[in-house]
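In what comes next, chain A is part of two complexes: it sits with chain B in the first one and with chain C in the second one.
Right, the complex of A and B next:
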């Protein structure tokens, strides 16, 4: 029984992990239709922010929850201004440009910090005993954080003026502009928000995954699979796709092994997209965010 | 102020140095000896490739500073294959057929080695592979200087079993190295009267180890043996510690510390882990102290931890240089013969001797425990033979071979 509880928590974390990694991309790709291949590197930059900040003696919680999103959000705004804003509506070009950006960021970080970085930060919450079994307190925290983050983004998009303007601009930017909305600023803010969330995700994952310049590559594929499987409604889509794929991955990994677990995740995504080409929310929860 | 005398002196220097080769050296002395290095400087494996190239450069620099080889300087041509197999093949061809190098040093993963080995065989170019690997290469033209499982795992498994117990859980990277190494682990666990509870393989980009950690918790082994590789797999050690398991079920690894992993995780996350390699930065000899100091002083990039692959890249150059000196030529057949005579050097890791049946090395093996991000050497074994490869390979009896015996598992050695 204890083991079952520990196992269920583990599955929940598998789901939260996918959702967390995918949310920033859901905003940038799902809402803005910018194929951001540098998403993994945004996560990596979040991790590096935490590493640098904690090395400077800053409290790890401040570094993860405040500095990482701020720094990466700021980088996102700069990237949007100098690169992305010229490419709206040119989907394939964004792919190429952000791929270049991804290589540039890996190169720049490697040049500054070297290919191996001493990241001696460890999970700031210790293990929690569930009966006879230890479970990671920090992973519990990440599950809670993911739920909070989804709620927060939902609240922003649903209840704030910025959210309304953003949704309007993404749907019909010409009409929004006619109505007096500065669409350029809305795009900038939305891209910044997506980047900040990616930075936050990278920051909080750093203590349990470690950080090297190339760590982004391990996130990018799963982030895209989650977001694309999710479909048009970014929050409901990402959450439901993460739920389905994360559970699939965790359960199969537990029953057989990690290799088949990865196969199951990819297989589920392929079948899902064959049955529902526009993602889960192309068919269910269509009206949701 | 320049006097007439100094002016004359400086004018005569170029004239003299032009004249010198004509009567001191043979005609070929004018051309340098060419060596190519194929080591990833980007694309994922730079963690290992960068320090390996720095060590290769240092060896070449030292040899050149002491007058070169056979009176000739060594010209090091370095290619960056960018962790891409296609570039390995391309650059190996370029080095052998285009640059006409006398020797190629490099290759990091087994996949990269298997990509360039046939190319260099075809172009009759001598090849040194300086990374520890799963064993089994039997190639007259290829010298594998790194340690193999029979040298390291054979020492590590019994030591860990004696210390912790006989129930072993194996986690390994899902490719050539991890698959074959885990079979060696199983064999040695069995040979020492233990039991392998489970073996799990992980694709190289897995970062969530949660479900497996739960399985380990449920299986309650006495220790976990890891052959996990690469940046993503470092997550395993962090997540393992975040559940608190590192306190109750200790870890041993065949890979950890080779990329300085023990400095990439928090001290408490790696504390007490057992590892085994042919070299550690902490090897306490004057030769090694000097090597470490010179390497750091000459490196253009910061070197985090000096591990076996780095030291062996340096020693690989010296081993080849020793054979060239003995042979008195860079001719491939003569150098190969001198290497297998056998050639022997004293490097930072200790004495190294070529084992002529396999073209591998007799080398020192060290067992160490991670203590506060340092490696404390607990036992050392001098002059260990590559007994795994010796099971299948005899280049003395049958010199004309270019085979990789363990490519499809370990049937060749009769253990699968």
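Right, the complex of A and C next:
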């Protein structure tokens, strides 16, 4: 029984991890049809924000939950104004430009902090016991945080004026513009929000993964797969894809070890896309957020 | 007229290629020759991406998957067989087959361009992560240890008829340059053939091509597999140039560089990506010798600037400048004449309207 509980917790963490890493990307993709190839680097910047802030003596909780999203969100707004806004409607060019941005950020962080970061942050919550089995309390916190984050984004999109404008722009940007919505500002805010959530995710994952300039590459494969398999509905897509692929990953990892887990994730996603080319929400939960 | 200029251009390229092939080893130092062998391997990777992306319109961000696959297949087979000719053939087959398998899911699923780019990128990153984890003694194929992060040894090419005779670096250069010329002119022939023309038609307008009765999925699959095979040749050469194969062949840096070569050189040309590869290879080696700029930063900036300012790349841009200036000198008189005609037409049109 205890074993089962520990196993379920592991599964839940696998799913939450994918959902957390993918959410920022999904918001930008769902709203603007832009795949941000620098997403991994935004996560990396979130991690570095936490490292720098804790080195300066700031409380780790404030650094992770407030500073990381603020800093990366601000960077995201700057990026949108300087780079992305020139490329709306040119989908492939947006991909290429964000890839250039990704390389640039890796290079810049390497130049500032060096290729390795010695500082490791220890998780602020210790292990907790589930019956006879020990499990990481921090992972439990991450699961709760992911659920809270999804609920928060849902509430913003569903019940606020801003969310209404954002959804309207997402469905028909020309009509929204005619009705007096500044679509350019909506896009800026959306990109900022997506970046902020990426920063938050990078910040809270930093104690588990550590931070190096190239850490983005380990995140983005998972994030892309989750978002693409999910399709265009932001929350339902990310959640359902994370659920399916996360469970797959956890099962294979549990049976064969971590080497094949990611491969199974990718294999499942490719087969899924063969059957449903526009992702899970291209076929199911079409009307959802 | 156009055809004639086309053929003259190809002959010039062939002559320059042959001069470099037979001249370079006598002029340059051995170290440079060995480096050039690696650069030629990368140029083949660029060529394959230029073919697939520029002529097939297939946005493949992970061409390095087939490149690395070829390198690993070569190294593993060469270690197991004790001779390299078979290993080269298997490596090319591995690249092409893997591309065909992946292509089946992507083209027959009809996933969109953006998804295709991201999926291919993900494939190469996952191969990178997978091979990095294979460091234990239990991960081996035949007698070849995969070696995790450090990679595995790639035996140098041998003379096909004598397994004891290994190629010297200089001879390896001849082989590499020969392979590059062969693949380049193979691609030139391919895009001028019926098959290549249909691929270009599909790139221009997939729906129209399908309404004319061509199965776009099959043509894309064919082109993608050929691209995978050429990338694998590049992988074999790079494995020879470096002497090892490591998971880094699959990593984000190479994948990004392949895109940069094509963007800088020019989409829709075959020469552009090859020259782009040599140019960027030279740039990164130069950046490596000084410590002011981080090479990733510079490459990122180059990519961003080209996308924003010169999205067609250098070779087409230079070509169109040349064409415009030529036309300007030829047709100045014509234009004067036509302008007069237009003026006459406008006045008569105006009277008609009233």
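Assume the second predicted complex is superposed on the first by the 289 of 289 C-alpha atoms of A that agree within 3 Å, B and C clash if a C-alpha of one lies under 4 Å from a C-alpha of the other, contacts with A are read in each partner's own complex, and residues count from 1 in each chain.
The definition used in the following text is that a residue touches a chain if its C-beta (ideal position, glycine included) is under 8 Å from a C-beta of that chain, and two chains touch if they have at least 3 such contacts.
Worth saying up front: this structure is predicted, and the values here are computed from it rather than measured.
With chain A as the common reference for superposition, the partners chain B and chain C occupy clashing space.
Contacts of A:131 after superposition on the shared chain: neither chain B nor chain C is touched. Contact with chain C, but none with chain B, is seen for A:95 once the two complexes are overlaid on the shared chain.
In the superposed model, A:217 lies in contact with both chain B and chain C. In the superposition on chain A, A:152 makes contact with neither chain B nor chain C. Using the contact criterion defined above for the overlaid structures, shared-chain residue A:208 touches chain B, although it does not reach chain C. Of the two partner chains, chain C is the only one that A:83 touches; chain B does not reach it. Once chain A of one complex is fitted onto chain A of the other, the partner contacts of A:107 extend to both chain B and chain C.
In the superposition on the C-alpha atoms of chain A, the part of chain A touched by chain B in one complex and by chain C in the other spans residues 107, 110, 214, 217-218, 221, 258-259, 262.
Residues 33, 35, 37, 83, 86-87, 91-93, 95-97, 99-108, 110-111, 214, 217-218, 220-221, 224-225, 228, 258-260, 262-263, 265-266, 269-271, 273-275, 277-278 of chain A are the ones that touch chain C when the two sit in their complex. By the touch rule above, chain C contacts chain A in their complex via residues 59, 61, 102, 105-106, 108-115, 117-119, 121-123, 125-126, 128-130, 133-134, 251-253, 256, 259, 263, 293-304, 307-308, 311. Only residues 42-44, 46-47, 50, 174, 200-203, 205-215, 217-218, 231-232, 234-235, 238-239, 241-245, 259-260, 263-269, 301-302, 304, 373 of chain B touch chain A when the two sit together in their complex.
The touching residues of chain A, when paired with chain B in their complex, are 3, 6-7, 10-11, 13-14, 17, 107, 110, 114-123, 126-127, 133-139, 207-210, 212, 214-215, 217-219, 221, 249-251, 253-254, 257-259, 261-262.
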